[in-house]
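Common to both upcoming complexes is chain A, partnered first by chain B, then by chain C.
So, the complex of A and B:
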């Protein structure tokens, strides 16, 4: 599915490591299977050759790792960024969360990543191997004699179906062809929720959030969540809690988090990707993005470094709170 | 051994539910499975296993322990335990049945955890043999046979029938109550299925994962290995692995101020969290590497050291499937095992 190959990325990483441009590489590490890829720091060409992978399951957004990985770094770190990752990269720079001088960013094209859960829904459990061939995935299982051929479009991750941009907004070097900001339908699902009655919408979220196990994976993977001490982890905050004590609290955690990242969320979709319970958390953030676009004009967090989100940038043109209130009466 | 046609399975569920609350894996809106209380119309999920383990039944994520009511200068301590009815958990896989043994050793040894013990005494477990283990399964590593699950009653499912064998007194009593819907049979079909499952087990990619190099007494050898740096470098510090794990049993006890009373409750905690076991002097483990190491050392060294060599992992594979960065106990065991 991907137009850029492991070999091309490996050659680039090896070159930059060998010529001293970077001291380490943040890339995707080989797992036990063909889909369980782990973000890995490679320090030598040998390590890269043995463990570096690139395939249709390299969804993880590396931007947030730069906050920790550059803190005590000698030299520069090479990071591979897919178009959507570059928005998080810029947003973190806007928030002064890492030192740009310590990073060598290589933009790479992305054709969309696959969701292993969707693959398994078709192939069943017991995957032996997954190969990629053009726009098809070839899945071999332990139980079927013949490989199962799946159209990659059928198993695209939710966030990739609604990809907002194939364009890189930050890099030191670009591999492959540059793409464009895409005309996605990413707000359709939000509009569907807006069209519901308040009771229906409440029931929708009640059902989705009732599965939450409060593992905090959404928060911990979120590039907009980089507080050194989250209020939910801080016993002195008074709101700290390790588990959803009741269904109200479940919702509270996610809603507070959505408010906290509003205007800073680039819609990278990591929250929903990592959720072990497949809760469509990105829809909460998208609702805020859609509202901001409608209230204050189009704004894309991370599109450029240093931009001020509408919520922290007062202008006399801003809409009056009353208008927001009136809109609420129309059930949106 | 007794059997029942799958056409009659809902009648069987209804019969069980007459005398006890029945829980079974049902399909959620996202396609995954979760244990839900059976009611007319419930659909038994075909998924290999549930996202959440069945440990919730005995060790729920949150439970109130007691309540303190204050009035003037007096404090009244109220027992918040509700009377508990018998309940049946249906379709528990062999790995998860074994996880109850791991939890029992923690909660049922002195001092016995009365909350856990009460639930345990009321629960009846009907296990189910696995027909199609996943690539993430490695229960054999811990001596578990997915074709012969333990529990009060063991069950085997074919395309058309389901077979039952009672293993305990509780199981016998329940199976007797179901005698009108089941019929006596020999074990030919079940034996064939066992053989088939065992053949599949030999094909699993993780069949060679070994506990060699782990166990009691290995602390000094493993604690300072440089590999922990590399293994933990991408860990996000979330609690997914611990919360989907059937054997993770750490909890925190907290007080919740309601204004005129205090509710003391306990909730699952995760060693991956920055405030885990935080005490007056501060925190024991300041880096994510230390927290990460704690989880695996506990499962593979400290627990067996205190429990006659039993490991506190059952190879269910949930952490392999759910970790956001795909780091897990198998990768740890392969990297540092046998050193």
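So, the complex of A and C:
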């Protein structure tokens, strides 16, 4: 259950739109179903009243949309940012990807978003409507007469269970209360995999990555992937196929994708959220974050504008590549 | 006599200023190293895009080694410091995915270290031969 309601956000958006502070609103729009909320541009109060939604499925991170929208649209854009979105916002500013002057950012509190895959695992398919009632979700399906009641905590998205921060690092205006950086256990799963033998790890990833259908959704949704020309669209790169040809292709794609955002990934978890095959892609990104924290000191991408990512900087005392494998034994 | 003795394919990226000259010195001094090592000359070890390494594995390499100037001796001042960070991250990731960590290596070989070059290559080829063929990153389409 979110602490802030649709009505509050709607009032704020309408007010800013009416008094001319902004010329349009980037917000969550009504989708086909209650759970597939779609990022939408609203240009008038009427459009907002008809189409604006805010519920437990508003996971979309709007930061990336700003790159395209600020370049195309006239005037200021109002954007709603959850705490984790503000890190991506800062990271894109660091990389000079959009004009800060053209954005009016409103920070909103977030209590964690629901994962529709987890909801479906409980309710089954055929969801007709999802309502919210306190800490419960009421799911109506085509096949059941009575609505199924689910505790929101049971269906929290993985990234929200391990929420790294409830603190906004960038905003023009804040609604609700400011939170704190939280102590999360987000690296536990990575550590669990690291403790396995290479054969077990290979089997684990073979199992996960072989489900990949190369839809490129992880790339398209990732706020760190904003190159205008992408290696995955280049026919001469050898990795541009739109369906995985064999097991090599899947692995290669995911190594490259994760490596391209290494050091710049804010761990917003969009890659895993949009994956239609529910591959835990964020684990690859977290592995890079965990490694770099261990090798080169704690670094949180997007925590401040203008910070230097670990891979574009160096010290003369860095670890040798061969030493990274021994560190576990040294620590023990 | 063994008929089908396994010969690994090793790709060595050597920086033009140190390691390539080091390989040359090894040759001048008649120091033997296996012919399985295919040397690719690059202007600087930091020219090696991580994609090159993955590409080498895709095309059938069994091991990839990157050789550059010793840290602090880079012809371009700081290239190898970047290589060091990049490769540490990449190798750790490959290990995380379960690809044998012995198949990748970074060594610093100066132009005066012909003996080190030969010794490094001998050791690396031995290690990779023991591991056998690269199965985990192979691309069936690239097999002849």
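Going forward, the second predicted complex is superposed on the first by the 314 of 332 C-alpha atoms of A that agree within 3 Å, B and C clash if a C-alpha of one lies under 4 Å from a C-alpha of the other, contacts with A are read in each partner's own complex, and residues count from 1 in each chain.
Criterion: a residue touches a chain if its C-beta (ideal position, glycine included) is under 8 Å from a C-beta of that chain, and two chains touch if they have at least 3 such contacts.
If you're wondering where the values come from, they're calculated on a predicted model, not measured in any experiment.
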Which superposed partner A:30 touches (first chain B, second chain C, both, neither): neither
Touched partner set for A:273, first chain B, second chain C, both or neither: first
Which superposed partner A:40 touches (first chain B, second chain C, both, neither): first
First (chain B), second (chain C), both or neither touched by A:319: second
Contacts of A:234 with chain B and chain C, given as first, second, both or neither: first
Which superposed partner A:211 touches (first chain B, second chain C, both, neither): first
Chain B versus chain C as contact partner of A:309, first or second or both or neither: neither
Common interface residues of chain A - those touching chain B in one complex and chain C in the other: 245
Of chain A, residues touching chain C in the complex: 190, 193-194, 198-206, 231, 237-238, 245-246, 248-249, 251-252, 255-256, 258-259, 262-263, 284, 287-288, 291-292, 295-296, 310-312, 314-316, 318-322, 324-325
Interfacial residue positions of chain B with respect to chain A in the complex: 28-32, 34, 48, 51-52, 61-62, 132-135, 200, 203-206, 230, 233-234, 236-240, 242-244, 252, 254, 256, 265, 267-270, 273-275, 278, 320, 322, 324-327, 330-331, 334
In the complex, chain C residues that touch chain A: 50-51, 54-55, 58, 71-72, 78, 81-82, 84-101, 104-106, 136-141
Complex contact set, residues of chain A against chain B: 29, 31-33, 36-41, 60, 65, 117, 121, 124-128, 142-143, 207-208, 211, 213-217, 219-221, 229, 233-235, 240-245, 273-274, 276-278
